[in-house]
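Dropping the structures in below, format is structure tokens.
Both of the next two complexes hold chain A, though its partner changes from chain B to chain C.
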Partner chain A sequence: MSTTASTAAEAGASDRTGASRRSGTFYRGDPGMWSWVMHRITGVLTFFFLFVHVLDTALVRVSPNAYDEVIETYKSPVVNLLEVGLVGAVLYHALNGIRVILVDFWSKGAKYQRPMLWAIIGVWVVVMIPGTYFMLERTVSELFGGGH
Partner chain B sequence: MTVTPEALSLDKPRSPRRPAARRSNFELYSWVFMRISGLLLVVLVLGHLFIMNILDGGVHRINFAFVAGRWSSPFWQTWDLLMLWLAQLHGGNGLRVIIDDYARRDSTRFWLKMLLYVAMAVILVLGTLVIFTFDPDIPAS
Partner chain C sequence: MTAVADTAHDTSQIPAPEGSVTVTVKILRFNPEVDDEPHWESYDVPALPTDRVLNLLFNIKNYVDGTLSFRRSCAHGICGSDAMQINGINRLACKVLVKDLLAKKGKQTTITVAPIKGLPTMKDLYVDMEPFFEAYRAVKPYLIAYGNEPTRERIQSQADRERFDDTTKCILCAACTSSCPVYWADGSYFGPAAIVNAHRFIFDSRDEGSEERLDILNDAEGVWRCRTTFNCTDACPRGIQVTKAIQEVKRALLFKRV
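Presenting the complex of A and B:
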């Protein structure tokens, strides 16, 4: 509607007169936009994984051997690494989802959306370091340490 | 900057060309659903990932017997059933919005959504059946 267009025109004018692009009018290129892009990508990725995951779990209705065979692939080094990626993606989506919900419902949410982004990135790193260690420990020791 | 009255040409509230009142609150409900299901999925999915990938041996201990042990308990059956339905509806609804965002032609949009709905129905029915008809004594091969 024309109200939106005039706001954009005003924003454009203030940008040209030298006001900072970081002043909050522009969303494009802002960390807030990238957090949304990542939220979208991780959500779609998880959805596709779930599709395959329900199909492979359904093999328990075919036979124990069929299920055990497909689960063996989950234990191979390459797939094991992909699982770390999946866990990282789901964890980011979950943390950022909580952030989005807080922005919507918490009275100070919008004000703190930026610090909350740094906070969830911090939590993500703190969880993923030990998480990656425990997920890959056995694979790595079998590959390089002869295994036990 | 000067804003002329023409620049703010909002329709007057009772102007005759005003579109008919919305008949459906679907988008509102779907917005609320995304948030409620998201909060429940935090516990369900992160809990699932922790149990499957980190707890005693992680993925290396998973096999048919492991699943049989878990699904002998109504607690984990309910957990998995809830997780299946919430994740599928939440993710499917998210994908519906994404299709609306990126599909340019109406026919593309229509067929992508049909594909999505069929995939969701297949996964929901199959996943639900698998939980309810699970048989620990099924022949080994």
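Presenting the complex of A and C:
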């Protein structure tokens, strides 16, 4: 069998002074790269929510009163905005997750990755516009609206 | 000569043919004997819309600063020597036309040129390609056949040839591998180019080494590190559907079908 041994050791030992693996310049990548960046960010944000969510739900085992108190603090406009953000993050992560699954398992997935990205962004916008309206309606009317 | 970043370079010696416009070429320069860090230098040079970025680099090298270093060989998009990061994306300097980079009317055009990422910069615009070729060699990019040599040529149907046609086009310029965020973060990943060249033989009906190559690519640093960001597909100067090829290798591993 004709297998050439890897010359990793030789290459590493050769004289290559002053060389540095460059990073730092901005790479204007494919939309696919930015979809992946957003996927990571929304994934981490969702994880943080789940972390807090597990903690506050576990509080009911400690004392139902403490649980009620904590949940009561969530009834603020800021948390309401965070909720909208959470829905946006989860929705993007879910939709892009479907896209990634199709890229992985559908033989034409790689070919249609960009149209699929535009499609999920479209769905995201279409869902988020009424979603944001209904989620913020009450908060906005209580903050700014006079009568209810 | 110690060059400061905003020193004005005398570019008056560069011939300015009729119809040329002045563009700013911003180059990330690095001389390992003088500099600790790479730094940007700007050159205002005349350029024709039909010029390639490589022409501008040569004008700077020939008329302004002979120490500007970059690789090129054929200068016609075949040899794959002059892959560099042009305006933030990996391209061959010999294939990018100035007319495609011109700013909107009345605005000054700036063309940024930097060496490709993820490989050690040796000087100015050329990098140490050895880690790249090392990954390439590791996937056994040659025909492996056991048994006796056939007395006549190894027959292959057109349909069988078609399966790996796309990946035969690779010119090993490293534009794809150095566009990969996974490769930037960790150079031990094989990178798209090595996988493309493994794909070329894995799906070749005459080849008998598919299992060996699939085993190599099933490694922790193999195909599974691909995050399908499609930067490689976008960067390939030969239009190879790089991510598609990587996905085909992944599926061959998953479903044990070649």
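One rule holds for everything that comes next: the second predicted complex is superposed on the first by the 117 of 148 C-alpha atoms of A that agree within 3 Å, B and C clash if a C-alpha of one lies under 4 Å from a C-alpha of the other, contacts with A are read in each partner's own complex, and residues count from 1 in each chain.
The working rule: a residue touches a chain if its C-beta (ideal position, glycine included) is under 8 Å from a C-beta of that chain, and two chains touch if they have at least 3 such contacts.
What you see is a predicted model, and the numbers here were worked out from it, not measured in a lab.
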Partner chain in contact with A:Leu81 - chain B first, chain C second, else both or neither: neither
Partner chain(s) touched by A:Arg61 [first = chain B, second = chain C, both, neither]: first
First (chain B), second (chain C), both or neither touched by A:Met33: second
First (chain B), second (chain C), both or neither touched by A:Gly43: first
Which of chain B and chain C A:Val126 touches, first, second, both or neither: neither
First, second, both or neither for A:Met135, with chain B first and chain C second: first
Touching partner for A:Asp104 - first (chain B), second (chain C), both, neither: both
Touching partner for A:Leu143 - first (chain B), second (chain C), both, neither: neither
Overlapping contact positions on chain A, where the chain C interface meets the chain B interface: 1-3, 6, 104-105
Residues of chain C touching chain A in the complex: 28, 32-33, 38, 85, 87-89, 112, 114-115, 117-123, 127-128, 130-131, 134, 137-138, 140, 142, 144, 179, 181, 184, 187, 227-231, 233-234, 241, 243-244, 247, 250-251
Residues on chain A engaged by chain C in the complex (per definition of touch): 1-4, 6-8, 11, 14, 16-23, 25-33, 35-36, 100, 103-105, 107, 109-111, 113-114
Residue ranges of chain A in contact with chain B within the complex: 1-3, 6, 10, 13, 40, 43-44, 46-47, 50-51, 54-55, 57-58, 60-61, 63-68, 71, 74-75, 80, 83, 87, 90-91, 94, 97-98, 101, 104-105, 131, 134-135, 138
Chain B residues touching chain A - in the complex, by the definition given at the top: 1, 3, 7-10, 35, 38-39, 41-42, 45-46, 49, 53-54, 57-60, 62-65, 67, 84, 87-88, 91-92, 94-95, 98, 119, 123, 126-127, 129-130, 133-135, 138-141
